[in-house]
Every structure is written in structure tokens, then in C-alpha cells.
Amino acid sequence: MRLSARNCLKGKVVSVSDGAVNAEVVLELAGGSRLCAIVTRDAVEELGLESGVDASAVIKASNIILAVPA
Amino acid sequence: MRLSARNCLKGKVVSVSDGAVNAEVVLELAGGSRLCAIVTRDAVEELGLESGVDASAVIKASNIILAVPA
Amino acid sequence: MRLSARNCLKGKVVSVSDGAVNAEVVLELAGGSRLCAIVTRDAVEELGLESGVDASAVIKASNIILAVPA
Amino acid sequence: MRLSARNCLKGKVVSVSDGAVNAEVVLELAGGSRLCAIVTRDAVEELGLESGVDASAVIKASNIILAVPA
Amino acid sequence: MRLSARNCLKGKVVSVSDGAVNAEVVLELAGGSRLCAIVTRDAVEELGLESGVDASAVIKASNIILAVPA
Amino acid sequence: MRLSARNCLKGKVVSVSDGAVNAEVVLELAGGSRLCAIVTRDAVEELGLESGVDASAVIKASNIILAVPA
């Protein structure tokens, strides 16, 4: 599957913490920066997301806010 | 200012391309991966976004989709 | 690629209208309802989106608002 | 009320599952495809969302990612 | 129509500026603060959005980032 | 930090209710209207969000839906 989203960052899952409906998944990207995603618990199960698994972060360009020092 | 968004990725602007209302800004992150953001042209002017400027990408955890190989 | 997004609706492109940075793509879903997506022009080119092409709409569950009659 | 969102898909609630703050609501659209929305528990109560109720899915065009086969 | 979105802020349109696909609409809320929304040009036409018109801003709770002073 | 998001509404926290992963935070804006945000519990702790604290709501222009009376 190819996606229209402009951003697809490769990384590795470092942790998963469950909520009632959602779960918080932390990904380490190439270069060491970390990304925190909130996805549904069903998605965690279906995709087999657990520590050490390869996964990518897909982000629409319009969902990014840019910040510069004050 | 401190933000509730879980993700604030430091990088450097590598290009800005203008539209009528919006503009497409590409950021290079530590580790070399690139992020494309769409922000308003007003924001580009106000924040002085141009090639070489330090900027961070602020992303809500709930705006990230995770992908694994099929 | 498998995605954490809960919604992946299969359809066919019925029209594409270009803007400066973005483009408006209309998809007809099984059952006849239509979906309008705004993606970047680069995405339209890369994915070869044009009338008649099969495409799916990927939507995060947290990006849907529900409405009921007043 | 008329909305600026380009997408308003009519359907019927088929299930509601509660979390602590959020709830997962599944809608069946005309033509049979299913949509999963995450809304707050307060919204579920206020809108009387339960199996069999008519409801529409309101989605901003900029919140849709398009996918094509690899 | 009643919506699951937790935020529906009443205001009045103070300006509309057109792009190719999108338009930037500024709303003045009760209490004087201003909100800038980007919607499609089709939406501006269909809803008759122009200076002086009453309109509300509908915002999902999950689309808000909170900020506190550093 | 200066942000590309077009909307930064100043207010005061009036309530915080915790979920497993997320928390619902209600802000009162100047002029009295109220905004409900869903952020992670980690964010609530890090930013010290509790009743009476000054906080601003940061909202991307593309995340706002406009509504007019039917």
C-alpha cells in the first residue's frame, strides 16, 4: 500500500502502555529521536506492536505544527 | 511555553514552497529523516521560516498512524 | 503495509481538482456514498490519482465527529 | 446546523464500547462498509448513541489519507 | 444536528481570504478572542460565509494542544 | 517558543478528569466560553494542569469545522 501522507518515519517500538480504549506506543526513530503515538488497543493487537518490533509513523503534513525559539 | 503535545522533534528547515493560503515546509531531523509540514503562509512569514533556520515539529500523539510491513 | 488506523474504506477516484499546494480528490465508496479528501499535489502525482483509479480512504477513529438529528 | 466539513456519511450505530474518558462507536454506512469513531463518553450519553440509532460520520477532507495498492 | 465534538464556540465572521482549494476564515468569539479556520472554498460558498455572518467553530477535544508558560 | 498554529486562546483550567491514558481538561476562555481538550495524563502531570492554572489552547486552523444555522 502506498499512502498520500507525506511523512512515513521508520523506527522501532520501545514501549506500549495500555488504556481502556487506547494505548500509548513509543517509537525510536533512526537518529535516536522518540515519537509517542496513541492508537487503539485493537490496533496494537492486530499489528503485533510490542517492544523491538519494526514500525513506521505515518503523519499527514497538515497535522504538524512548527515551532521556533521565542 | 511548554506544550501538552507529546512530540516535539528538533530539526532544520531545508525548503519552503508557497501556495495561495498554505505553504509546504520540509524539515531535516537529527538522524537525517525528513518531515514535511503544511502551515499557513502567514505562519511562514511570522516565524521567519526559511532554509537553514532551526525549527521543531510539534505533533499530537493522537495524530500519528502506525504502520508495520504487510 | 498494515495500518493502526481503524478505517480503510475502499473506493474509486471520480475527480481530482488541483490547488497550488493541495488538491481535492473525490472518491466513490462501495454503496455509492462519496468522500472528499484534501492531499498534497505531490501525493496526487506519486500515487497516480486520477478518475477511475482504485483507492482507499484511511481515517483515524479519533478524526471522526458523530452527528445525530437535532 | 450546516457544516463546512466536506464529508457527512449517513449510517446506523452497530456497537458502542466504553473506555475511561473515550468510547469506540462503530457505524454501518449505506452500502455496508463500517466506520469506527472514537468520541468522548459524555458525547455518547448526550447524543444517545446506542445500537440501532441513526447517526452520521462528519469528517474534514484534510483528515483523510488516500492509499493505493503498492 | 447535534455533534459529538465537545467544542462549539459561537462567533461572527470578520474576514474570508481565498486560496486555490482552501480559504482562511477569521471568526470573532464572544469575549473578543479571534479564531482562524481553514476550510474549502466550496464550504465558504455553500455556507454563505462572509463578514458579519453568525457562525460557530466546531473543534474535537482531541485536536487541542494545551500550553503553559515555560 | 513561537508556533505556526494560527490559534492560541488564553484561558484558565476549570477542571481535569483522568482516564487510563488520556485526561479531559476544561478551560474557561476570556469572555466566558469553555473549551474541552483531551490530552495525555503524562501531559497533565508535566504541565501541572489543575483547576485555577493559566493555560492556552493551541489549535491548527485546519482542525476547525465551521457551522451555520440550517
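We just call them A, B, C, D, E and F in the order they show up, numbering each chain from 1.
One rule holds in what follows: a contact is a pair of C-beta atoms (placed from the backbone, for glycine too) under 8 Å apart; a residue touches a chain by one contact, two chains touch by 3 or more.
Molecules present, by chain and UniProt name: A, B, C, D, E, F = TOBE domain-containing protein.
All of these numbers come straight from a predicted model, not from anything done at the bench.
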*Co-neighbours of chain D and chain A - touch as defined*: C, F
*What is the minimum number of touch steps required to go from chain B to chain F?*
1
*Which chain's centre, taken as the mean of its Cα atoms, is farthest from the centre of chain A?*
E
*Chain whose mean Cα position lies farthest from chain D*: B
*Would the interface of chain B with chain C count as same or different, where same needs over half of all numbers used to appear in both copies?*
different
*Averaged over CA atoms, how far is the centre of chain A from the centre of chain B? Could you give it in whole Å?*
16
*Take the average of all CA coordinates in chain C, do the same for chain E, and state the distance between these two points in whole angstrom.*
23
*asked:* Just the number, please: Cα centre separation of chain A and chain E in whole Å.
replied: 29
_Residues of chain A that contact two or more other chains, please._
1-6, 19-20, 22, 24, 36-40, 43, 47, 49, 56, 58, 60-63, 65-70
_For this structure, enumerate the chain pairs that meet the touch criterion._
A-B, A-C, A-D, A-F, B-C, B-E, B-F, C-D, C-E, D-E, D-F, E-F
*Can you list the residues on chain E that touch chain C in the complex?*
1-5, 19-22, 40, 58, 60, 62
*Could you pull out which chain C residues touch chain E in their complex?*
17-20, 22-24, 36, 38, 62-63, 65-70
*In their complex, what parts of chain A are in touch with chain C?*
1-6, 37-40, 42-44, 46-47, 49, 56, 58, 61-62
_Per the contact definition, I'd like the list of chain C residues that touch chain D in the complex._
1, 5-10, 24-25, 27, 29-33, 35-39, 43, 47-49, 53-70
